[in-house]
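One chain, chain A, links the two complexes that follow: it is found with chain B in the first and with chain C in the second.
And then the complex of A and B:
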């Protein structure tokens, strides 16, 4: 009997978390699924009716939905490589021996952008990128860029979102990759450095395999984060000008909470969830390797 | 016989008149509120001067009635969503704060009670209520739906032309432009120089794009959102003329005007960077206060310019209505608060504290126009407005999102006015079709 845990104990420990997960995660998901199969507009509740997959058909054939999806993946395609490049650079610098105090301070300061609330980042952006009074244009004025219309120009507004996303999440990538670098056994790395002086060779053949689990985690988390990126963009540009920064989560919020069509918005959200799961599976199958 | 009849009629009339006088003199807020002392009334307020004004006056009401007013503050952009969710969930709100474009939505969903339910109750109705004293256009547009009054106008706006008379005088003008064409063709080139602009039209992609920018240019040119059959009227020559006018006018506006909300526009004017803006009357206190405006001494106000179809100024504002979900006591207490907040008796103080009452009697004193320079223009604007400046039906929240998206795309030049209006019109018609306007399920009311 020794070592055998009673069912009571198992349920006692696991039960609360399973119940909490069911209440917080599963129940709303099931409700969203139910809603997505109905005409369900908050301002027309007398007309709620089962419509089968009509909402899904509308979403899948709606070019505005796919434009927003394309825009979201374009953002991911632009910002993620920047975050990975800069994050890897920071991680490699912090991994070098010496300057312990400065590195500790640098690690601590890396947490600050991540700890900043998304909505606050958006509001900061409004002030900093203000065409006339913003500090960014003040900073750029000696270089001839003092009158850039950031928020009112489609391309610039998109660039501004990329900037903030990179600013906020590069530290996260750096910290994850730094953690990965610390898992490389010291003797292997030392031996590799005796073999070659080229940092790229060490990175490619010795450090990278240890970074892969972290990279996959970063890919999954940053993809999911980008797909649900909302607060910062909403407070900064509200999806504008035009549709230039209307990413998929802003579109879903617009349909569900400003147009009040919860049925259509739920169908959009379920489709987004399916895309996220497929992407996560692809990342794991293609990139993930145990060292 | 004739004499006896006359005598009897006289006695009856006298007794009725005396009775009326007795009832009138007997009514007091304190007495009316006695049964509801201790009741808490929940209401959503915005972060705007009119709400701060009534909040400052609130202790007087609470002391007199024992009714507690619990104010939940939201920015405008959240106010509709918060209220809809509260009403759908059977929440706590006892009063609905209704932007004029939400009235159809709230009334059709029966979230609000007709005013008549309370005004016909002599225990609650103040004999001095005087509904005829409200500007008819404002009462109808802000509080009425399908000939039923649901709300009393509370926070009231009209679009006005704020102009910097110092800049205009420097450029050789002795007054503001009378027409939109004049603003563009004469004032535009003369005032756009040295990093300053003749005009700014707030056009950010939110309700500002729909109400302040898009609607503002179609109506004076004879256009409208819908025709008599509720089909899109945006491809009409008049609507197109208005939209093309806006595109032409943009050369005299600051860069990035599609990112300008009220704050940026009022700020640009207050800093002296823009000579003219068309803004809500509610921003008067901001532009004339030396604390917030560099050009306070130069500010002058006129009604909005006219177009070929007349003045048709922007119309906006909020009414307060009693929520159906409140219980009987809360409804009565809520009504007493609404009646008090919008009363003739309090209109003067409300105005002094920064609010804009919709009571005609509040503006009769000519001396007021000296203190509040916006009054003559405001009163004039409220004579000639269009209640359906933005359609007030339940589908507006969906349609405004379409207008915001395509209106901005037109301004950015991503699509032509024709392409944008075509797309906007088809999407708008799809929403109206789904709602049942074309099948006859719903009356064509806006």
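And then the complex of A and C:
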């Protein structure tokens, strides 16, 4: 009997949401699919015509597209290990008993970077990493790095993006892992600590199994977020200099809105969507088996 | 004695590291606020100065002469409307997902999670063309609607989770007395689910308030959002850094307050409940 209700009731409760999401979430995607099969340039709207999979073949053979994709995963490959390492360290410190007040304060300050408007992070980057009056170069000047051109040099600009990505999302990783650490039953952890003094033995054999769900969540969500990354990079470097920080979402935006080629950009977007759906499938398989 | 000394040393290390963590998290905000209080001449000094005579001029100019106030109001209207709409649509849907059994429930879940992960640029392309064809560019309602694509799933997720934690016996008792599902939701479950509803409202507000890309692509002047405004200062030479930081401060303060209020649920919400 439990949970059995009439179809009308189900529709009454769920219908509005499903219809709303279909109209704003699915209809535009179908339109993007249609656009991707056409020659569709914003400056030549009279010449819109069906071209079949031409846009897709040009995307799949386009070096620039794959470079942007590679760059996106390279960013993930550099910043995710940093976030995991630092995040795990922070989580382990916060998990230790004692210094309760200080740790509560630290936990609260960890919340701040995560919530910061991404565009503001980019603007802060412009100010703090400025070559002439930036505070970062001031900090570095005693070590002989007082005149680094962060924004105008390809490698440095990339490093700067990594810095802000790590600044903003290490707290997220730390709090996820801390949540994992608190799920280790107290008696098991204590028993393990009586057995060995080495913290990494405890981490490897006792705590790690409890951290696994959090680690997988971090892995998948950070991948999705890196594919989404736009606001912070757009305000900080606009993808430059050259294309050294042009990640996949920025590239699609450039093709569609600064190059006006909506057909090609839509094809790129659809390919990105397919990658995302695969990721989401994995996420749901791992976490919501019971639903 | 040795163990005691080791414990003290570990304590000192912990304090140092914790202080460092807090410093790194908070310092950019300190720099943002102090830069916002500098005149343009002071802001451009090299190397930067730490002590100076603060002025509120940047705030006055940004808010009243450049129209940042207007864009903050726009952002506020849009964030409140989209949050209200997401709650009206999402709360009943969450109740249904928590309480009713039906086919296709799993697919619905999958769809909601996917919505959370899709890059906004994928939707921005078609949405721009549709809004242009319908004459809906630069209107508040357009952003209110498009923000629903990520707010509605998050409201539904958090509220479903909350409704599940309410004992089923309460509904059962009410149903035996002949109450409809709508009455059960409104009179029994919703009051108990208020904490979850509040958290989902905070999330929805933060996500809408922080959003830049759609604001940039879909608005020009009338519905321009505050982040889009802050970015529009970044054009030309001799950028007004003090004013940019003043605008940034005004944008960031409300989200930081909200995030601290919801700090306990932040991780759970961001991972869509995969991490308790």
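Going forward, the second predicted complex is superposed on the first by the 272 of 291 C-alpha atoms of A that agree within 3 Å, B and C clash if a C-alpha of one lies under 4 Å from a C-alpha of the other, contacts with A are read in each partner's own complex, and residues count from 1 in each chain.
The working rule: a contact is a pair of C-beta atoms (placed from the backbone, for glycine too) under 8 Å apart; a residue touches a chain by one contact, two chains touch by 3 or more.
Fair warning: this is a prediction, and the values are worked out from it, not measured in the lab.
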| item | value |
| --- | --- |
| Which superposed partner A:197 touches (first chain B, second chain C, both, neither) | neither |
| Partner chain(s) touched by A:49 [first = chain B, second = chain C, both, neither] | neither |
| Partner chain in contact with A:269 - chain B first, chain C second, else both or neither | second |
| Most chain A residues touched (candidates chain B, chain C) | C |
| First (chain B), second (chain C), both or neither touched by A:108 | second |
| Touched partner set for A:17, first chain B, second chain C, both or neither | second |
| Touched partner set for A:8, first chain B, second chain C, both or neither | neither |
| Touched partner set for A:258, first chain B, second chain C, both or neither | first |
| Common interface positions of chain A, toward chain B and toward chain C | 132, 257 |
| Sites on chain A touched by chain B in the complex | 42-45, 131-132, 147, 149-154, 157, 237-243, 246, 254, 257-261 |
| Parts of chain B lying in touch with chain A, wherever the complex brings them together | 81, 84-85, 88, 105, 109, 204-206, 254-260, 273, 394, 397-398, 401, 404-405, 408-409, 411-412, 414, 435 |
| Footprint of chain A on chain C - complex, ascending | 11, 14-15, 17-18, 21-22, 24-26, 28-29, 31-32, 35, 43-48, 88-90, 92-93, 95-97, 99-102, 105-106, 108-111, 113-130, 145-146, 148-149, 152-153, 156, 168, 181-182, 206, 209-213, 216-217, 227, 230-231, 234, 239, 241, 244-245, 248, 251-252, 255-256, 258-260, 263, 266-267, 270-271, 273-276 |
| In the complex, chain A residues that touch chain C | 2-5, 9-10, 12-14, 16-18, 20-21, 24-25, 27-29, 31-32, 35, 90, 93, 96, 98-99, 102-103, 105-120, 123-124, 126-128, 132-135, 137-138, 141, 146, 167, 171-172, 175-176, 179-180, 183, 213-214, 217, 221, 224, 227-228, 230-231, 234-235, 248-249, 252-253, 256-257, 262, 265-266, 269-270, 272-273, 276-277, 279-281, 283-284, 286-288, 291 |
